[in-house]
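Look for subunit A in each of the two complexes below; its partner is subunit B in the first and subunit C in the second.
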Partner chain A sequence: MSGWRRERAARDARIEAGRAHAAGKVVAAASVVDLLEAILRPGDRVCLEGDNQKQADCLARGLSQCDPARVHDLHMVQSGIVLPEHLDIFEQGIAKRLDYSYSGPQGARIARMLYGGQIALGAVHTYLELFARYFIDLTPNVALIAGVSADREGNLYTGPNTEDTPTVVEATAFKNGVVVAQVNEIVDRVPRVDIPGDRIDFVVEADKPFYVEPLFTRDPAAMTETQILMAMMAIKGIYAEYGIRRLNHGIGFGTAAIELLLPTYAERLGLKGKIATHWALNPHPTLIPAIESGWVSQVHCFGSEVGMDRYIRERPDVFFTGADGSLRSNRAFCQTAGLYACDLFIGSTLQIDLSGHSSTVTQSRVAGFGGAPNMGSDPHGRRHPSDTWMKAGREALVTGDPALMRGRKLVVQIVETFGEKLVPTFVEKLDALELARKLKLELAPVMVYADDVTHIVTEEGIANLLLCRDADEREQAIRGVAGYTEVGRGRDRAMVERLRARGIVRRPEDLGIEPLDADRSLLAAKSIKDLVHWSGGLYEPPAKFRNW
Partner chain B sequence: MSDRITDPATTSWYEASARARLDGLLDPGSFREFIGPEQRRMSPHLPLFDLPRAFDDGMIVGAGRLDGQAVLVAAQEGRFMGGAFGEVHGAKLVGLLRAALDQKPAALLILFDTGGVRLQEANAGETAIAEVMRAITQVRAAGVPVIGLIGGRAGAYGGGGLIAGTCSRLAVSEGGRISVSGPEVIETNKGAEEFDSRDRALVWRTMGGKHRRLTGGADAFADDTVAAFRTAALRLIDTAPAFDLATLEAEQARLEERIARFGDCRDGTEIWARLGANDPAAIPAMTTAEFDALLAQIGETTHDAR
Partner chain C sequence: MEKLTFRHATKKPLAGAKAQAITGVVASGNLEVLLERALPPDACTVEIETPINGYGDVWEAVVADFVARAQPGGIRITINDGGARPDTVSLRLLQGARLMEV
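Up next is the complex of A and B:
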C-alpha cells in the first residue's frame, strides 16, 4: 500500500472495530459506549453535534461514559457547548482541547473551567468561521450527529432542524472520517434523504428523541412599552429611510417587537412591500402575523423552532421545504445568506463601549458568539449593489475617488440603556478585555467591532455612526443615546445637540414619534395564544410558553 | 399605558392596569376613590429594603355604580410588586370592607391580581389577610355579596387565594389562576417530578381559569375583556347565595364530595373526563363559546355552596 492512503486505512480500521458492535450500520442505544470506544483514538478531533438548538444528546451521554483510559485528549470542534456532558468530558480527561462558537446555557461553567485551566481553548468562532475551518485545519476524525430518522442503509432524514449537519458530514465523510448518527427512529423509508447513506457509517437508535431548545420564541406578553418604542424608532428611522427589504433579526425582544409592529404600525406608515420582505431568519413565532398579513415574500432558516413545523408545512410559498413538505434549514447556507445577501443585521448585546465595540461576554460568563459577529459585519467580498447598501455607503466617510465608493451593510444594535437587573449596557471598557487579559487570550472576544456598527437604537434615540466624521463625534453620538447610564450622563450636551442638528443623533420627536403612543395595543399579537390564532391553529407552542 | 378605556368590549382585562379595569368595569365616570394616590399613603417598610414605593401601594379602593347599583370596589395593581399584600395595601381593603357594613352597597367587588403576601412586610401582610377574611364574613353576614374577579397576570395566589375562597362568588378568565402555593413554590419544595413549574400547560390545567370553573372553584367564566367581567359581575351579584348555616354546610359537603370523587386524579384532564367531558385534552384550546357549551353539557358546576 502506498503512503498516500494512511488516513483511509485508519478509517477502515476504525469502522471494522465499530462493526463488532453493530448489525450492519445499526447500533443499539445500549452499545453506544462500546461503539465510541472502538472507533475513537486518543487525540482525535471530534465534532459532537450540538448547536444553539438541536443536540446529539444520546451520543453526548455515551461519550461522557467512555473510559478515559481508552478515550482521552480529544480535541472537540463543535459549534455549541450546551449540554452538561459537553463540559463533563473535559473534567473527566476524555477531552482536552476545544474550538467552538456558542455556549449560552453553559456560559458560567465554561468560564470557570477556562479560568481553572481544565480546557485548552483554541478560539471562540463565529459559526461560519468554524464551519470554514472544518475544511482547512479543523477537519474532524469523527463526527457524532443527530437526525430524526434513518433507514438501515444510513440514509438520513434530519427534518426541520437540519442546521449544521450537512456541513459537519461533508467535512468528515469526504476526508477519511467516521460519521455516527443518532436518530429518533429507524424506518424502512425516510421521508426525504437529507444526507445520503454512503456518508453515514453508523446509525444509533437513540433511547429518546434528541433535545431541541425553543431558543427563538419570544412571548409577546412580556414585551414592554420601552421595547415597542425602540421598535417604532427602528422602523421609522432605519427600515423606512433605507428601504430595507433583505434582512436578518437577532433574537431579542426589541427585534421581536419590530416583527409584531409590521402589520400594525408599519402598515399605517404605508411600508408594506417596501420593507422586510426577504429574510434570513429562524422561523420566529412572532413573524407569524407579518406573514399572515402578506408582508413576507420568503424566509430562509438557520434551523427550525419548536412548535412551528405544522405552520411551516402549510406555508411553502414563504419557507424552504423539501419534497416531503417539512422545513429544510441549513445553518451554513443561511449564515452565508445573512452575510452576503442581507442589507441589514439588527440585534442586541450586553455591553457597548464608547467606540461602539460590543460584547456579550461578562467576567463570569462566556456565552460565545453564534452567528451575530458574522451577520453583524460588513462583507468586503460583496459586489452586488442595492439601494440600501449604496445609500449607507454614501453616508459613510468616503475617501479617495467617489467613483470607487462601495456600499455598506447596515449593522444595528438595538438595546435598552439598562439591561437586566439594571446593569448599564453602555460602559467605558468592555468586560471582554478583562477576560482576555485573565485568560491570556490573544484576541478579545468582541461580538461586533465598532467599525462594523452603523446605528445604535435605544429608548432615548438613534445614533447614526455612519455620519460621524471622527472618534470624538462617534463617542458623543453614543453617549447621546446612552440615557442615564454613567456613559450617558458623561455627555457633552452642546456637542450632542450639534450632532442632533446634523441628524446623527435623533430623538423620537425628531422622527415624529410620540413616546406615549408606544403602547402594547400596537402589537399585532399580545400573547402566545394570539400567535396561535394568527396561525389558524397551526402553531403549537411548547408548554413553557402557554398560559391556558 | 392608559388608565382610561375607550372600548371595554375589546380591552383585555389581563393587559389592563388596575385603574383601567375599574374605569371600564363601572358605569362611566361613577368611580370615587378613597385614599387616592394624591394622599401618598405608602408602605413604611419598603424604604428599609431600598425598594421603590407606589403612591397607592398597589391597592385602589373606592365607590362607584354598576348598572346603576351602588357598589364598593377594590382593585390590586399586579404590576406593582406582583400585587402583593403589604400593610397599607391590606389596610385599605379591610377599611373598605368595614365601610360596607355601614353603607350596605349592592355588592363589594374585589379585582384580584396578587401573588400573595409581600415578603418585605410579611407580618403586616399576613395579619391583613386574616383581617380581610374576617371582614368578608362579616360583610357577607350583613347581606352584602362579595364578588371576586380574577383574570390578571399575577392571578390570585397565597393569601389572595385564601381570600378568594371566602368570597360569595368568583368570576375567572382563562388566563386567571387561583391557588395558594404557586407553581415555583411547589416545585421548590416537592421537586419537578411532583410539579414542573415550567410546564405551563400543566400549571393551567391545575390552577387555571377553565379548571377552576369546571370544578366549581369559580362560578362564572369570562372572556378576557373588561366588558365580559362586567357582565359576569352583574350576574354573580344577582345569584349570590345567602351567608347562613345551610350555605356553609353545602360548601363543606361540596368539598368533601370533590375530594372523594377526584382525590386520586393525577392531572386536570382526568378530573375533566370524570366530569363527563368527551375530549378532555381539547379543553385548553376551546374558545369561550365552546367552553360555555361544555359547561352546559356537564351541567353540575353550578351549586348553591360557598
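Up next is the complex of A and C:
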C-alpha cells in the first residue's frame, strides 16, 4: 500500500463494513446502529449535523444507542448542540471532545456538564470559524447529515433548510471521509439536487421527518411599547441618518419591532427605498408586511423558518429559490454575506459592560455564539465603499493619514436596560469572565467586543460610541443610556449632558420622538394572524403560535 | 409585598381639569396607575404596592425623574405593581399624566 493513500484505504474499509447493513447505499432506519458501529472508529472526528434549525435526529438517536465498547472517544465537531442526544453521548462515553458553535436549547445542561468535566471542550466558535476549521484542522472523518429526500444513488434534496449541509459534506467527502444522510423519504427523482450523489455514501430512510427548531418567529402580540420606542429610535436615529440599505437583524423583539414599523412609521418618515432594502436574514415572519409593501428588494437566508415555505415559493423575486421553487438557504454563504456585504448588524444581548463588551453567557447557561460575532464585527478585509460605511468611518477616531481612512461597519446593540425578572443588562463585569475562570478557558466568551460596537440603543436613548474620544467618554455614554440599572444610576450627570450636547447621547426628544407615541397601533401586524393575512394566507404558522 | 410612599413638592400644578384617570393593568411585568386630583397644587404623592421587595431606590429614582419632568402638582398617584420594569413604570406614569391633562 502506498504511503500516500492510507486515509483513502481506511475510508474504503469503513464503506465496505457499512455495506453489510445496506442495500446499495440505502439503509433501513432499524439498521442505523449497526451501520454506525461498522463505519465509526474510536477517536473519530464526527459531525452529527445539528444546525441552528435542522437536526439529523434519527442519526443522533442511533449514535446514542451505539455500544460504547465499540464506539468511544469521538471528537464531535458540529455547529449546534440542540438535541438531548447531542449531550447524552458524552455521558455515555461515546464522545469525549467537543468543538461547536451554538447550544441555545441545551445551554443550561452543557454548562453543568462543562463544570462537571464530562466534556473536553476544544473551543466555542462562530459558525464561519468552525466551518473554516473543517477545512484545516477539524476535518470530519464521518458526517451524519439530514435532508428532505434522496434517490437511491444518494442525490440529496435538502429542502428549504439547506443550512450547513453543503459545507459539512464538502469538507468530509473530499477528504476521505464517510457521509451518511438521513432523509424523510427515498424517491425516484429528487425535486432538485442540492448535493450530488457521489458525495453521499449511505442514505437512511428516517423513521420520522427530521426536527426543525422554529427560532425566528416573534409574535407581534407580545411586543411591548418599550420595544416599539427603541425601534422608532433605531429607525430615525440610525437607519435614516446613515442610509442603511444592506443589513442583518438579530432575532430579538426589538429588531422584530423594527421590521413591523417599516411599512408604518418608517414609511411616514419617507424612508421607503432609502433603507432596509437588501438583507442577510432568515425568513422572519415579521418581515412579511415590509415585503408585501414593496420595501424589500432581496433576502438571502442562513436557513428557513417553519411555516414560511409556501410564502417564499410565491415570492421568488425576493428570496433565493431553486428550479423546483423552494428556498435555497446556505449558512456559510449567508454568514459571509452578513460579514462582508452588509453595512449594519443590529442585535440584542444579555450583558453589556462599561466598555461595551457584550456576552450572552450567564453563569448557569452557555448558549454559544452562533453567527452574531461574525455579523457583529467590523471586517478588516473589506475593500468596497458605501455611503453608510464611509460615514461611519469618518465619525470614528481617525489615526494617521486621513487619506488612508477606512470605513466602518455599524454594529448596534439594541437592548432593554432590564431583562427578564428585572435582571440588569448593564453590568460592571461580565459573567463570562467568571465562567472563563471556573472552566479555565484561555479566552473569555465575549459575543461582541467593545471595539466593534458602534451604537447602543435602549429605551432611554442612543449612545454613539464612534464619536467617543476616550475610555471615560465611552463609559459615561454607556451609563447615559443604561436607565435605572446600577450602572445607569452611577452616571456622571453633568458629563452625560455634555455628551448629549455633542450628539453622543441622544434622547427620544433629541430625535423628535415622543415616547408616548410608541404605541402598538404603529405595528403593521399586531398578531400572528395579522401576518397570515398580510401573506394572503401563504404563511402557515406552527401550532404553538396559533390561538385561533 | 412592599409598600412605598414618596412625597414631592412641585413647581406648578398639572395642567387640565380631569379629576381622575387610570392606565395600565395589574399583570405580570405590568402595573396599574391611578391618578387623582386630590392634593394642594404644589404637592404630589406616589404610593406603591409591589410584589417585589428591595427595589426602593429604583422606585425613588423613577418617581423623582417623573416628577421633575411632568410637574404633576395636585396629583395623588396610587400604583398597583405586577413586577414591571422601571421603563414600563416611567411610561405608565407619563401616560397617566397625559390622560389627566385633557
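As a convention for this text, the second predicted complex is superposed on the first by the 548 of 548 C-alpha atoms of A that agree within 3 Å, B and C clash if a C-alpha of one lies under 4 Å from a C-alpha of the other, contacts with A are read in each partner's own complex, and residues count from 1 in each chain.
Keep this in mind: a contact is a pair of C-beta atoms (placed from the backbone, for glycine too) under 8 Å apart; a residue touches a chain by one contact, two chains touch by 3 or more.
Keep in mind that this is a model prediction, so the values were computed, not measured.
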Superposition on subunit A - do subunit B and subunit C clash or fit: clash
First, second, both or neither for A:Ser103, with subunit B first and subunit C second: neither
Partner chain(s) touched by A:Phe418 [first = subunit B, second = subunit C, both, neither]: second
Contacts of A:Gln55 with subunit B and subunit C, given as first, second, both or neither: neither
Subunit B versus subunit C as contact partner of A:Arg520, first or second or both or neither: first
Subunit B versus subunit C as contact partner of A:Glu225, first or second or both or neither: both
Touching partner for A:Glu460 - first (subunit B), second (subunit C), both, neither: second
Shared contact residues on subunit A - subunit B and subunit C: 225
Sites on subunit A touched by subunit C in the complex: 224-226, 229, 416-418, 422, 459-460, 483-484, 489, 515-516, 518
Parts of subunit C lying in touch with subunit A, wherever the complex brings them together: 52, 55, 57-58, 61-62, 83, 85-88, 91, 94-95, 98
Subunit B contact footprint on subunit A (complex, rising order): 221, 225, 519-520, 526-527, 537, 543-548
Subunit B residues touching subunit A - in the complex, by the definition given at the top: 1-2, 12, 14-15, 153, 174-175, 198-204, 208, 210, 284-285
